[in-house]
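What follows is one structure encoded as structure tokens, with my remarks underneath.
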Amino acid sequence: MKDVKIENMDWVSYHELTKKGACKIILPIGAIEQHGPHMSLNPDVLIPSYIAEKVAEKAGNMLVAPAISYGYKSQVKSGGGNFFPGTTCVTGSALENYVFDVLQAYVGHGNHEFILINGHFENSMHLCEAADKLVKKCAVEGITIKIYLLSYWDFISEDTIAQVFPDGFSGWAVEHGGVLETSIMLRIHPELVDMSKAVDVEPAKFPPYDVFPSDPTWVAPSGTLSSPLKATEEKGKLILEECVSGIVKHMS
Amino acid sequence: MKDVKIENMDWVSYHELTKKGACKIILPIGAIEQHGPHMSLNPDVLIPSYIAEKVAEKAGNMLVAPAISYGYKSQVKSGGGNFFPGTTCVTGSALENYVFDVLQAYVGHGNHEFILINGHFENSMHLCEAADKLVKKCAVEGITIKIYLLSYWDFISEDTIAQVFPDGFSGWAVEHGGVLETSIMLRIHPELVDMSKAVDVEPAKFPPYDVFPSDPTWVAPSGTLSSPLKATEEKGKLILEECVSGIVKHMS
Amino acid sequence: MKDVKIENMDWVSYHELTKKGACKIILPIGAIEQHGPHMSLNPDVLIPSYIAEKVAEKAGNMLVAPAISYGYKSQVKSGGGNFFPGTTCVTGSALENYVFDVLQAYVGHGNHEFILINGHFENSMHLCEAADKLVKKCAVEGITIKIYLLSYWDFISEDTIAQVFPDGFSGWAVEHGGVLETSIMLRIHPELVDMSKAVDVEPAKFPPYDVFPSDPTWVAPSGTLSSPLKATEEKGKLILEECVSGIVKHMS
Amino acid sequence: MKDVKIENMDWVSYHELTKKGACKIILPIGAIEQHGPHMSLNPDVLIPSYIAEKVAEKAGNMLVAPAISYGYKSQVKSGGGNFFPGTTCVTGSALENYVFDVLQAYVGHGNHEFILINGHFENSMHLCEAADKLVKKCAVEGITIKIYLLSYWDFISEDTIAQVFPDGFSGWAVEHGGVLETSIMLRIHPELVDMSKAVDVEPAKFPPYDVFPSDPTWVAPSGTLSSPLKATEEKGKLILEECVSGIVKHMS
Amino acid sequence: MKDVKIENMDWVSYHELTKKGACKIILPIGAIEQHGPHMSLNPDVLIPSYIAEKVAEKAGNMLVAPAISYGYKSQVKSGGGNFFPGTTCVTGSALENYVFDVLQAYVGHGNHEFILINGHFENSMHLCEAADKLVKKCAVEGITIKIYLLSYWDFISEDTIAQVFPDGFSGWAVEHGGVLETSIMLRIHPELVDMSKAVDVEPAKFPPYDVFPSDPTWVAPSGTLSSPLKATEEKGKLILEECVSGIVKHMS
Amino acid sequence: MKDVKIENMDWVSYHELTKKGACKIILPIGAIEQHGPHMSLNPDVLIPSYIAEKVAEKAGNMLVAPAISYGYKSQVKSGGGNFFPGTTCVTGSALENYVFDVLQAYVGHGNHEFILINGHFENSMHLCEAADKLVKKCAVEGITIKIYLLSYWDFISEDTIAQVFPDGFSGWAVEHGGVLETSIMLRIHPELVDMSKAVDVEPAKFPPYDVFPSDPTWVAPSGTLSSPLKATEEKGKLILEECVSGIVKHMS
């Protein structure tokens, strides 16, 4: 039962490990969202979960909480849009309140430091709100907590980008289902990627605004915002190593 | 990628399978909750998830959605109480709204029938509220849906109970962390059970009321409400087979 | 103006009685719900209200607050279902917030102990949530309160059950509008019972799950889940005496 | 069981009476609030309930729903303030949502016309919001409903005021616990009035603003905003007859 | 940049002025609501904003926050009704929560005294709720604040009324879009009044109740509840001077 | 009274202009937030308001609604942080619900197309949620609406950036209170800018994560994220012209 995953521990062992706030709790947060015909619906959950485990193993004083699987509504310009079958998203308030409650329960066990690893861009502001509200509520109750909030791709350096995208980088905005996520999935869950179904698409170009209801013609029929064709396991390895070591460096 | 788990499918495959509401969607809902020193914190998630998969495989026209891991607050008389380290629970409204949104998203894909498999007693009324509200909202929108809500233990017959508890059954109320759940976990996740840590406790006896704040002295220090000592993998197998076939019989 | 009912007191008298938290406040909570063609819609309100008054009279240091009349949605397997004309129920959040606010107002008068006497099974989890939240909010404000939550039928012993159901007891689950409630009403409000309209029905048998929307064919057309024909005032007297003395014993 | 009170009917009788929307449903809404040392805490509930019954009896096609007892927070300038022991009030949202749900349940039985009789000034705007929201929600669902909202004192004519206050009328604003409410209570519940405890106070004079937190020195220590000394049962009779006949005239 | 309007200050200057809670913060709150064919939609915003600035200039230790423009739903008997084109109103909870948050942010800067100047009758109870909740939340956090809530017309004396309405005053209830507001607008924003479009209407007479949905025939087609024809700039000047000096007298 | 601002119109004129959904409604949304010691607190309100008016004037078929002044909490990495005196922000839900209600009211007048011009980055996701919910609610009611959501800076081309930042552009992320906003304010409200107080700061460099509570040492004491020293009115003119013409091109 040696493991960094909280859910796999019995409560007595967990209690021993977390006494006196000895551990930082990592909460991976993702989404169930289409990522093209070549990949499963859960990269936004699996990637931050994988990174969380590796970070916890390296850091030594961190534990990984069960991930939040369902995230905020996919937006056309970052995730293809909420109208794709399989994209299964919740409202901002539902996500915010659920995450707030989960973190508050961990505070109740005596934990004081948290790392939220986000795998789905659209979650960001709602996680920010949950974190901000909990910090304030705890302060009123005389409890000081600290919550780090990060999206793993923000730990990727320009050097790595240059290696991963030797032909030029079109920007994070169009990386949905593209080389970045596909490479990582090839590394950590190759059984969930089928490159034979990968569709070559030009990097998406969007007008400088959003529109509601969404206009499905803004997105390629495959659902990805750029082409995954040049994804490789090696690129995935490179990216993950940088993210893991960067997070460990900043957070432990 | 042949699988009943939605999250492991690509969106095109999922879309093919669910066209015209061809599939019932099973949503397992559990909790992260102490289950004694001999068992991990996640039986309430793993058990309904396992049953869901087996049911879907047998039924043929069902798919399994990613589980809801965090459930409603553990109560002393059914789960030992919300004050145990490791018991990580959310408010009723957070659970209700999150589940509501998740189901609504699946309705948005064209699915019309749902099976909620609950693994944590305390969730029941909040799931009931989510289901009732969604059915009504969909009706206003001109969409007819049907939601089955079940707790897996309600499919266990008196015959099976007699076999599992040859010395007499103390009632479902005190089965938390006892023979029932431990046997099932021994069957499906033996690596998460350590019988050497199992504590023999008398079936809990409670006063005929609840009190807030909870009184921790009502519960055995180990956290289980009855003894898990007589749990066996065989009992787990028996229980699971009955639950799975019962659910398939009623729902397909 | 000698009375245990708060509403009938003037504020100065009430203030005198409750100074220094001298009294426990009992709040009866029920529902407006069909109970068969032979009985009025308010047994779930009148029974806990009656018990509350008798308990307060016996205990000496308790007062009875005005009852909460409208409760959570009737469920098919415990109350016949929310689709019967006359069954007039509210959402979980409306009940929870209303009860929370009422209790909080009594805390504001300096009261610190509360007894919630529930007369409608479906209310239970929502009352639990209101109680739990209030206890926590008060703790943050530096106020220690204690809330007992009970359903009166949990104070009935097996001996009494044997006397009330000499031909065998089908279980609490099907007691809606049956011998139990009818006997009590014959004792406390015979003018609201008309046994000539009582319908003989077999104890209800339900599948091991719930379904939404409800299936009205699961319930007898009369709305009761078992037959009230063997109800008598004597049985009602017996039950009430046991409930009242049990509550007094545990709570004063 | 011949009665205008819904709660006292069995569901079959209620259903017969309300078929095809044949009846208007009257919902009395009040508050538990101090009304001086000479009177119980429930005039705001008892008065609209009494009027509701008389109106229903006269009109013939109306039924009375169980009253809402706990109302919105007492304000200094209309009810003495929310800080008096015994004044037991809820937030605006709790009241609004509870009333909304109750009315919606009656709509579910096929009723289409409602009369809300308010007995507590501070409830008004929250009842207005509940009514407005329900009308709109029903319209979306294709159901046309009509809700009358009234405070009973608005049906009192200048002639009656002249008779009730022969020495001059200080205005509705200071009638809290004064001649008006006391006279009515003397008429309908003399056992809840003890004129020997009535305190003579000058009509309250307030600054032209409100302040939070409330300033208790703005109110007489007795809690009434004017003197109840000249209250009589005859005045109560006069007022009630006018209110009842006025409501019947406008609403039936 | 010398000004009483907070929004026009840089943050360093604002910080200097408000150190140690040196200033009272005035928040004007209005509505966008029709006021007849002769006047713009914003008198309920512009009038309290104007008064706020004059009060702050006179008092010396007050600053004016950016106004809340959108208020609670217009009611037929006080504002003509929510169905007029141009009347642009929000729900009670949206207003309450928005105002609550805004005030809380000013508390966060170290301000402890607030004056809410209301220009739209229908806002009153929702502002009351926001103020009451904030005072209580701050108290739990150990912060003592004080919030004055006023509607400017409550500072108008009977003498002034006699001068403004020499032919008799029909009551505040029907002043919507009439002589009072039109006179003030002629004084402070003559460019937003076009007296050639003013419609002469009799003072509105309403039944002693409200009805939902609203009945548009209760209101004159022009939308005002009395005639604005006798409005003059001089009357506006007189009213404003009395309001400003009255508020300064009571609040500084 | 010729004007594109709705608030300055009388209701009859507004009604004429908006009949049959003839006009798009522009809603500017900003924030009250520190922008350095050299600038007022309201650029995020004034800039989108100015752009809205110019767009409406040019387009011909657009009207401008009163702006939403208070926005979502300032974040350290985009607005300096919510802890600066003068930064006066609301929660996400308060903003979302207020904007939702305001837009819904305009839909109620028969308007079907909306343009939300955002001036405060942190508002984006909450506006997205409000827009998405309203579109769906209207669809259920049988009303088709369309909402454009834009942040004005997304209409600035790379050419313009090259002209505005001849020494190199540090990215939008650090433009808070820098050359961009200061130049625009010099153009439209020079009286609210005092360049003599402008502080020269290096473009902010932030770690690749956020932390709660915020760490004030991440931000320059002045509150800007880059230096405003090279701001000029000419640059402001250039930027505004491009934004206005871009919006007109895309939206009319």
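By letter and in written order, the chains are A, B, C, D, E and F; residue numbering begins at 1 in each of them.
One rule holds in what follows: a residue touches a chain if its C-beta (ideal position, glycine included) is under 8 Å from a C-beta of that chain, and two chains touch if they have at least 3 such contacts.
As the structure is a prediction and not an experimental result, all values here were calculated from the model.
Enquirer: Counting contact pairs by residue number and requiring over half to coincide, which of E-F, C-D or A-F is equivalent to B-C?
Expert: The B-C interface is reproduced by A-F.
Enquirer: Compute the centre of every chain as the mean of its C-alpha atoms, then state which one is farthest from the centre of subunit E.
Expert: B
Enquirer: Comparing the two chain pairs, does D-E have more C-beta contacts than E-F, or is it the other way round?
Expert: Contact tally favours E-F.
Enquirer: Cα centroid separation between subunit A and subunit D, in whole Å?
Expert: Averaging C-alpha atoms per chain gives centres 55 Å apart.
Enquirer: If you average the CA atoms of subunit B and of subunit D, how many Å lie between those two points?
Expert: Distance between chain centres: 47 Å.
Enquirer: Can you give the whole-Å distance between the Cα centres of subunit A and subunit B?
Expert: 26
Enquirer: Which subunit D residues sit where two or more other chains touch them?
Expert: Residues 91, 93, 140.
Enquirer: Which part of subunit B faces subunit C closely enough to touch in the complex?
Expert: 72-73, 75, 82, 91-93, 96, 122, 124-126, 128-129, 131-135, 139, 146-150, 154-155, 207-213, 246, 250-251
Enquirer: Considering the complex alone, what residue numbers of subunit E touch subunit F?
Expert: 1, 6-15, 18, 32, 34-42, 45, 65-67, 69-70, 84-91, 93-95, 97-98, 100-102, 105-106, 108-110, 191-192, 194, 197, 223
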